[in-house]
Amino acid sequence: MANAMLLITVLLSFLILPFSAVALTQDFCVANLSRSDTPAGYPCKALVSADDFYYNGLADAGNTNNIFKATFTPATVSQFPGVNGLGISAARVDIGVGGVVPLHTHPAATELIFVTQGTIVAAFISSDSNTVYTKTLYKGDIMVFPQGLFHYQYNIGASPAVLLVAFSGPNPGLQITVLALFANNLPSNIVQKVSFLDDAQVQKYKSMFNGTA
Amino acid sequence: MANAMLLITVLLSFLILPFSAVALTQDFCVANLSRSDTPAGYPCKALVSADDFYYNGLADAGNTNNIFKATFTPATVSQFPGVNGLGISAARVDIGVGGVVPLHTHPAATELIFVTQGTIVAAFISSDSNTVYTKTLYKGDIMVFPQGLFHYQYNIGASPAVLLVAFSGPNPGLQITVLALFANNLPSNIVQKVSFLDDAQVQKYKSMFNGTA
Amino acid sequence: MANAMLLITVLLSFLILPFSAVALTQDFCVANLSRSDTPAGYPCKALVSADDFYYNGLADAGNTNNIFKATFTPATVSQFPGVNGLGISAARVDIGVGGVVPLHTHPAATELIFVTQGTIVAAFISSDSNTVYTKTLYKGDIMVFPQGLFHYQYNIGASPAVLLVAFSGPNPGLQITVLALFANNLPSNIVQKVSFLDDAQVQKYKSMFNGTA
Amino acid sequence: MANAMLLITVLLSFLILPFSAVALTQDFCVANLSRSDTPAGYPCKALVSADDFYYNGLADAGNTNNIFKATFTPATVSQFPGVNGLGISAARVDIGVGGVVPLHTHPAATELIFVTQGTIVAAFISSDSNTVYTKTLYKGDIMVFPQGLFHYQYNIGASPAVLLVAFSGPNPGLQITVLALFANNLPSNIVQKVSFLDDAQVQKYKSMFNGTA
Amino acid sequence: MANAMLLITVLLSFLILPFSAVALTQDFCVANLSRSDTPAGYPCKALVSADDFYYNGLADAGNTNNIFKATFTPATVSQFPGVNGLGISAARVDIGVGGVVPLHTHPAATELIFVTQGTIVAAFISSDSNTVYTKTLYKGDIMVFPQGLFHYQYNIGASPAVLLVAFSGPNPGLQITVLALFANNLPSNIVQKVSFLDDAQVQKYKSMFNGTA
Amino acid sequence: MANAMLLITVLLSFLILPFSAVALTQDFCVANLSRSDTPAGYPCKALVSADDFYYNGLADAGNTNNIFKATFTPATVSQFPGVNGLGISAARVDIGVGGVVPLHTHPAATELIFVTQGTIVAAFISSDSNTVYTKTLYKGDIMVFPQGLFHYQYNIGASPAVLLVAFSGPNPGLQITVLALFANNLPSNIVQKVSFLDDAQVQKYKSMFNGTA
């Protein structure tokens, strides 16, 4: 009994003193989204629970009733603050029959996809030689799209396709060429100048993507 | 016609001279696995095709007929050299009914899982306070396990579970506690010393995991 | 005299033994371009001279007699191996009267320009909201274009414009949208699918930029 | 005299204008521990003195009167805020006669030890093949333990051993296997499931390390 | 008409729902200089305009009427907050006839210079062998000075020289040897001790650079 | 018995198939010093043993019979290839009575010292304001010197001082001001120009440090 007490005393002193005194505060850094971002990510939230490392927003199919017949559902730091500072994030892409994720880049991350449903064509284009690296992907296949390079995916099957997506950073960015050029107030004559498009094509695009000017 | 010829000439000179002259050689760096690794990854392969960025080795379920009733099938740089230098890689985990991915760490990457089949419990343990962050995950859920921290997953459902896994690096490492301690020639008395295990338990483990000494 | 001899002896022993023994081999790592690249850059060249850290290929105006009336002259690692591993590189852009550097990205670096001649408009487009950040720049002005985002520059003056360019990496990449889509063998129907362009426009582009298929 | 005044004037203008105008604010970034951490470390303290870069908490031997007969005394960012952002920190380990630093990892740093007193055995275990790299170390020896890998040290001498420790980051973390599994409220049946331990062993551990549940 | 309405509806739903919902907040991170710096740079400013990415403070020649006949005009994060987090910054150096930028280092960045006017000698010194890498540079030449190494530049022409400078980081630091040793309160006897200078020389320096003690 | 055989079979299949199949090749990357360095460090050695992670070259005092009465004994990647790629290295500094480690920088690492013997003064100088941060250090004290900044240490005690040194990188570099300026062939008139030293002082230094020209 005295022994047990002694053990408890020793243990308490041990647990409190030698190793527990190590206030190692950054096993992780769940984003406090209400604070200003920094170049390395958001400041860390003070109180954290298991729910911060979990997200269920990718469970259901996104709505593909839009011009692309496709939807990108992100689980990046804004939706899933647990990935802050951890060099990774996720997304789900649903591509309806005939749908397409048009030419785009992620300025801040490499993309890796898992095809979990359907059949797609996916490709990226190198910057050094404009070479197109293209593959037909079936359920179970994976493919990687190097950071910052143009890429696209489209459904070639008779049923919806689903991609689970991982990014090599918590905030990959998504820059879709036609939206960058047309879904804003960039004047038509400048669009023409920097893209070599005909005026009629620009007007059509502006109308398609709700652009002004 | 002369105009067209002129245009072609100008274009050729343009395409060859001003921008095409930019020999920007590292849009990507597919691993040449026959060369020595470096701290940043493998030297780049010279000739590359779309197949280098694609992998189909995760399409099928792994064999779970083993002591863990679970299998880890990697798509890291050794199997999928296209991810070299890109800060990402993948894997598939199959967990049979009653199976478990026992306590382990990835020394060199954060892990993010997509549950695509089944129901599991997953958890990681913080280093600062030994807090267990645990969640029950259903099909469609995702969870993140911060780099280097102990974690585990086990199947609590009545059917096999499948996890698609992304890592925040091309070569995450996998250190399973019971294999690190017992599936090698570490002498039993040293195992006891550094783990506080009883001799009988160590012998049992050594036998379970095929260890020697 | 004995003193002087002693001093020399001490110095020699000092110079050879204590500090000179420090074989610190990486003040810099000039690229050996004949060896395979790695994810962190080229292996280091063994014999190095001051010429490796110097480049005069940006001294003269580039030829702007092309469809863009503009030329990009790089001093990245391929031309200027001294920048290997140093997180920086350079270029010169000449934009003739009426010329344009069309919509493009650098997948692997931020760009900073110094306008040393002429008057231009320069802009980049954010990925989060497709916002256009645009400025008219005069001689002496500088502007920064964040990594991976679409940007463009065009001459609005009555004389040629010259930009000196610095990149935040030794191998920034250059991906020009119209060349990525049209100066290769990407089939026209796929271009249409991923860009929403009309067939006529695609054919015109293919012809302009020497594309096939 | 006029000359001296002129010199002073010139110097003042010089010191104030050309070079002193360079408000280069980050030679260092001493942690402001009262602010939220970020993924790159703590925000910088405004007023700094030489004391911020100095620490005397490792001068004295720690108390080894505990179950491990060993103590880890950290000088990481929490105790020594001057190392914030500088990629390094320190610690002292005292190991009594017969003592052990049991199997553990540092999730966020490589460890390098200087043996300044005593004789120990130190080892780490690779993740790829569960190979044990083990050395007997004497006073004056150094050894490195790669980031994230299991390692341990124990005293084999007749007198206390002292290790001075450097880490490759300001906040290395410390995850001791037996504390991660037993010094918390992780239910015994789950411990058994993920560690393959017998129930009796788990109960004994729980009692040793003050665990609940 | 109904069609057009439908299109607009679809587009709005598209623009709002699938892709616009991506709150990707870090295409860039303009420094909020009123907030504390962090090891990775300043927290991001909330409201940003094109002006944040532009700077005109390098357009005019600096005043070289000082002891060095040279001036360094920075466009680093303090003056040009748009470069925060982007791995690059700029400066302008004016060197009058006979002027010199004396021996100095940038602790936190590699430097790349464009000579836009005049003729200079520039050199850096390696740390491993004290080798001097020296070049005479003419208008149009560029040179790179690896991070942290001693370097200097001086005008050898008959007219002022101008250098446009890029740094591989937003906050390179500038440590000028003679100012570090003499333009402060470092006691003369300590200066002598750590520099091996004669007392008379130290006094002269102290006076030249306005040092005390 | 059949059971045991089954277990062995299962185990072998398990050990060989599911987890052991993970060829994770970079727990560490011991330098192959006979190969060219890269910007991230040396290529990895193929065959590795515990000896690669151990070094005993810092056990004995260095020879301080030189002009500085001090010696720097490195355990950086050239001497201790196990630290390659691991973000850390070590050294030992012996400072005799009256000795000094003169003004110097490490271009590529922060330095952290443990004073294990003697009493010293140590200081570093900030680049932004030339502020001297100075401390008297006793046995057991530690101090950190931020990357790239000028610093020095000198013995103020009556007995030799010993510093154990850790660096935040495997190859920190060491640039000693007086050796960089004088222990080479830099012509005296240029030394004067870039350092503002008197000719007599330069000649004296050249002679002291064995310089030519």
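Letters A, B, C, D, E and F mark the chains as written, and numbering starts fresh at 1 in each.
In the analysis below, a residue touches a chain if its C-beta (ideal position, glycine included) is under 8 Å from a C-beta of that chain, and two chains touch if they have at least 3 such contacts.
Treat the numbers as computed from the prediction; the structure is a model and nothing was measured.
Taking the definition of touch as given, a chain qualifies here only if it contacts subunit B and subunit C alike; those chains are A, F. By the document's definition of touch, common neighbours of subunit A and subunit F comprise B, C, D, E. Interface residue usage between subunit B and subunit F, two copies of one sequence, is largely distinct: under half of the residue numbers at the contact are used by both copies.
As a whole-number value, the distance joining the C-alpha centres of subunit A and subunit E reads 34 Å. Rounded to a whole number, the gap between the C-alpha centres of subunit E and subunit F is 27 angstrom.
If each chain is reduced to the centroid of its CA atoms, subunit D and subunit F end up 19 Å from each other. Per-chain Cα centroids separate subunit C from subunit D by 40 Å. Contact of a single residue of subunit B with at least two other chains is seen at positions 22-25, 27, 35, 38-40, 107-108, 127-128, 146-147, 149, 173-174, 179, 183, 208. Contact between chains, using the touch rule, shows up for A-B, A-C, A-D, A-E, B-C, B-D, B-F, C-E, C-F, D-E, D-F, E-F. Those residues of subunit D whose C-beta lies close enough to touch subunit E in the complex are 7-8, 10-15, 17-19, 21-27, 29, 32, 35, 38-46, 84-85.
Subunit A meets subunit E in the complex at residues 35-40, 62-68, 70-74, 76-79, 107-108, 171-174, 176, 179, 183, 208-210. In the complex of the two chains, the subunit B residues touching subunit A come out as 20, 22-25, 27-28, 48-51, 53-56, 58-60, 75, 80, 82-83, 86-90, 109-110, 112, 114, 116, 123-124, 126-129, 133-135, 137-147, 149, 164, 166-169. On the subunit B side of its complex with subunit D, the touching residues are 100, 102-103, 105-108, 121, 125, 127-128, 130-132, 146-150, 152, 154, 173-175, 177-181, 183-186, 190, 193-198, 201, 204-205, 208.
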